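Have a look at these structures, which come just after this line.
Each of the next two complexes has chain A plus one other chain: chain B in the first, chain C in the second.
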Partner chain A sequence: MTTFRRELTVFVRTVIGRAYPRLIGLQRERSWLFFEIVLPLLGTSAFVFIYRALGAQPEFTGFVVLGGAMTAYWMNVLWSMATQFYWEKETGNLALYLIAPTSRMAILLGMALGGMAATTVRALAVLLLGSLVFGVTFTVSDWGSLLLVFFLTLVALYGLGMIFASAFLLYGREAWHMANLLQEPVFLLSGFYFPIKSLGFWISAGASLIPITLGLDAMRQILYPQAGWGFLDVGIETTILAILSVVFLVIAHRMLLWLENVARREGRLTVRGQ
Partner chain B sequence: MSQTFAVKTEHLGRIYQIKRKRGEVGLKTLVALEDVNLEVRQGELFGLLGPNGAGKTTLIKILTTLLTPTSGRAWVDGIDVVENPQEVRRRINMVSGGESCGYGLLTVEENLWMFTQFYGLDSKTARERIQYMLEVVGLADRAKTKAYHLSTGMKQKMNFARGFLNDPKILFLDEPTLGLDVQTSRTLRDFIKRWVRERPGKTILLTTHYMAEADELCDRVAIIDKGKILACDTPANLKKKLQGASIFKLQTTPLDSLEHFKQLSGVVQFAGYRRNGHTELNFILEDENALVKVLDALRAKGGHLLSLEKHEPTLEDVFIHLVGRGLSDEEAPPERLL
Partner chain C sequence: MSMTTQALSRETWRESLRSLRVATWLGWQIESNWTDPFLFAVYSLIKPIAGAMILVVMYLVVSGGQTNNPIFPYIYLGNAFYIYVGSVLMGISYAVIDDREHYGILKYIYVSPIQVYFYLLGRGVARTLTGTIAVIITLAFGVFVFKLPVNLVAMDHALFWPVFLIGLAGLALIGILLAGVTLITARHNYFMGEAVAGALYLLCGAVFPLDVLPKVLQYIGLGLPMTYWLEGLRRAMLGTSASPLLAPFSNETILMILISSTLFVGAISLGFYRWCERRAKEKGLLDMQTMY
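Up next, the complex of A and B:
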């Protein structure tokens, strides 16, 4: 077996192996259905009622439901992938991952894909129930663009999650605080529940470093072309998302290597209770 | 290197920088390993014997690529652990005693299967090895049990099985029988011996603070304390160093001070502890005649002899001889007097 083929085999098997516990967990611990579907729907509903009370355009209800669905992916990246290395370190699994001749990105990708299954159910449920309860209708003007934007958003988003995860190789609770710190500001800056354009050009431009900001904006434009709340042209946003995807994955790869080496040097790679 | 050793270290050292308490300035340094030179041959079952905190786990972490040394170099199967850690990882595995692995929601066999995937094993090979190892550790009937239903000992056995699944060329066992019951420990020790003997070229580096384990299992043993290798040889040769000496273990009524025993002529080395309401004294004497002086000194201190035992040299005695204190948990109670 050539070196490349051997490495690829290990990579693919690692992804499947690490995704497996998450997929199995979905079947064996069904309580997630309540926590992942019903509760997020309540938060989304609150924004819908606010817009309705203010007499906003009907498209805003659709914006909120779509934002509510995409929130699931951000939460998944933050809590089920980035911070997962913290738990793996505490339980002793991280050391076992690290002594295996496999890629750290493969392990994170496995976590991401496994977690994505539950997240997608949550996102679909929010979309479906939101549509049924609030009578939201989506008119997809271009399925190809929609799927491409969605795919690129996820790649860039999970790339960003891998960058955050690398911090946990070196840090413990300090990195946990970083995740806490990111949660709420990103809710604001990425425009989960409102069009990002309303923040003004420069803040929106800065917020575009968060992949979900542009992803959400582009998807809203594709689903509601007549609303006129788009920040940038869909084509430009798609291009930026493609660039972010590559850049974040490359940075994640380098960060994982670099911080692992620093942690090995400082003796913090497997230290628990940090 | 003309001969490829399974493990080789040259002047290996590791210093930790530790934050000081509030109000203190700078970093405190802790020397975990100092000038460690080891050569473990291919096919050897090599033991690293030392008390808790001696540096055993630090050495294992360096060799398994989890930690870099601050000085010196280390090779595993001829590969530099710092320069090429990924190549080292293809050849090794590690089991830490007292540890579990995997996820509670998965069954035993699912957990083990997951770890085989990190080594790229195809599912057929993986399942065969899992089945074999579960039988070895006595968990075959628990294969479908979810890990969170297992007892602590069973989880440790599952972790032990995991270490062998990728059929590593060099296996690091860090206190593999820690906390396990006598029967399970014996089963695992038998398997460790068999695994090395029946598979030429396989090497095990085992750390332990159980002298009997090191004595029973290892072809050679290195004694480590405070980060330094004090001696390295076969158990028989190490014990030979005490040939001619008389070794006694005494139990006496509680004694306040033991310093004077060390000054007695004829006492080569001595360690004493207070335990369960009595004092235990371990003597290595030049010859049996020196025992009279020991008993006189005991009487002079107002102590009474409860029991006296003479025995053949053990690795424990070798350790006492080298560092002047005991090794095992049993001999390291909170109130070590000397």
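Up next, the complex of A and C:
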């Protein structure tokens, strides 16, 4: 019992310790906050103007603003979760993580929680500014469902980020390029800027493995119940997101153990400047 | 000119060209040798096509599947050529961060017989080459899959090539300007390139006619060389302009504005880079480590 309590204390302290720099980083370099809000807003604005040039229905502006806000989470998962162990390797921190008497999952969980909190500030800012600038109004039909979908989307998404982080342990420079490769194709497949239903059933079903696909679709259905662009029923999408959350976290845990061993055996944990 | 001055000038040029060539080779290696050629080809193929497909799907959702609206080739071509903006700007400015902080070799470059200006341009050339692959793939995809009305034989080559090359030179000069900013800043450099590329995407009518922007932004857009670059390229390839705001400008006017604005940007860029370089040396920033 005492051992369990000690391990739990270390786990919790690790989570807090790893989440702390993510949160405090917000205060230390405020110009980053500015750029991380303005950059997605620039892209989002461009997509709004495309729809305006095409004479699209007003709800498409709302779709784009919501998608633009959610890009902050995907970018955070890619660049601050998936590639994080690669950066740590480059700066020499990874070896310190591995010799620390704590769980690697606690480190990943701390990164995820800190990242989620910091990114939520950015996403909210994009959502608010985008809504103000383009006059978007959202009508929430069910707050409970909206919050549940949002929460499950983030859990599943950061679970996927943990899987990537484990996989990228083996990578050198490829990590950077792989993360780069996962931007536009995922923006396309997850329907960040258009309703996913328009890609057809099978492509949308395949893309549903990326949690943000169903998360965005469900949130759009809740915010624009009359639009009629939903892919699946919100209840079904919520259930799939709950299943993905559990599955991704379990896979992440197993992959981390397995790939850490592979990386140790192949001597990749301390290779820098690759 | 005396014999000695002539010899010096010849030597400087030789050194500059060598710097350009070696930097291009180095940049290409960095860009491409992280994986096997097959994966690199897949990587080069998927990214630009996915980027173009986002816009295509957006267009098709609204138009109900029709591609005969003149706005479709306008969006598609603008997006395809815009790939160069990100490639060249980031290629040149990011080389400073890469060499200073990742590989730690910027100070060695400054003490070696290399013309730094041409070295940076060479790193930009490498990214331009990978960008060119992406642009060609995107255009070919558009022509074959979406029947984009582009005829490479019949298009206006007399307009296309001068506009294309001057525009690329203009982008390289903006890239040098950003490289100057990167030299003297600590943690903002990565965002800087992205911010400039993002702002240009919005303001120069890359994927929608300037006419839909608010008036103030239209005026800013009209002051940017890239607006005339993309307009010139579209006119050369499609034969028409889909922007009522730019339609009154003749092809010659577009070219003249592009040349004069590029010269203006060039003068600012060169002067600014020299100033940044001097400041970086004075403050000891050439080997700065910010643990980005």
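Structural remarks
We take it that the second predicted complex is superposed on the first by the 273 of 274 C-alpha atoms of A that agree within 3 Å, B and C clash if a C-alpha of one lies under 4 Å from a C-alpha of the other, contacts with A are read in each partner's own complex, and residues count from 1 in each chain.
Following the convention adopted for this analysis, contacts are C-beta pairs under 8 Å (C-beta built on N, C-alpha and C of every residue); 3 or more make two chains touch, one makes a residue touch a chain.
Quick caveat: nothing in here was measured; it's all calculated off a predicted structure.
Chain B and chain C, once both complexes are superposed via chain A, fit side by side.
Of the two partner chains placed by superposition, only chain C is touched by A:L39; chain B is not.
Of the two partner chains placed by the overlay, only chain C lies in contact with A:L181; chain B stays clear of it.
Look at A:W79: by the touch rule set out above, it reaches neither chain B nor chain C. When the shared chain is aligned, chain B and chain C each come close enough to touch A:E29.
Once the two complexes are laid over each other on the shared chain, residue contacts for A:R13 go to chain B alone; chain C is not touched.
In the superposed model, A:F138 makes contact with neither chain B nor chain C. In the superposition on chain A, A:Y193 makes contact with chain C only, while chain B stays out of contact range. Of the two partner chains placed by superposition, chain B and chain C are both touched by A:T91. Once the two complexes are overlaid on the shared chain, A:Y51 sits against chain C while remaining clear of chain B. Aligning both complexes on chain A leaves chain B and chain C separated at their closest CA atoms by 7 Å. In the superposition on chain A, the residues of chain A contacted by chain B and by chain C overlap at 29, 91.
Partner chain A is touched in their complex by these residues of chain B: 14, 16-17, 61, 64-68, 86, 89-90, 92-94, 96, 99-103, 105-106, 110, 113-121, 146, 162. Of all the residues in chain A, the ones that touch chain C in their complex are 29, 31-32, 35-36, 38-39, 42-43, 45-47, 49-56, 60, 90-91, 172-174, 177, 180-181, 183-185, 187-188, 192-195, 198-199, 273. Residues 34-35, 43, 46-48, 50-51, 53-55, 57-63, 71, 75, 102-103, 187-188, 191, 194-195, 198-199, 201-202, 206-209, 212-213, 291 of chain C are the ones touching chain A in the complex.
The part of chain A that touches chain B in the complex is made up of residues 6, 9-10, 13-14, 16-18, 20-21, 24-25, 28-29, 91-93, 95-102, 107, 261, 264-267, 269-270.
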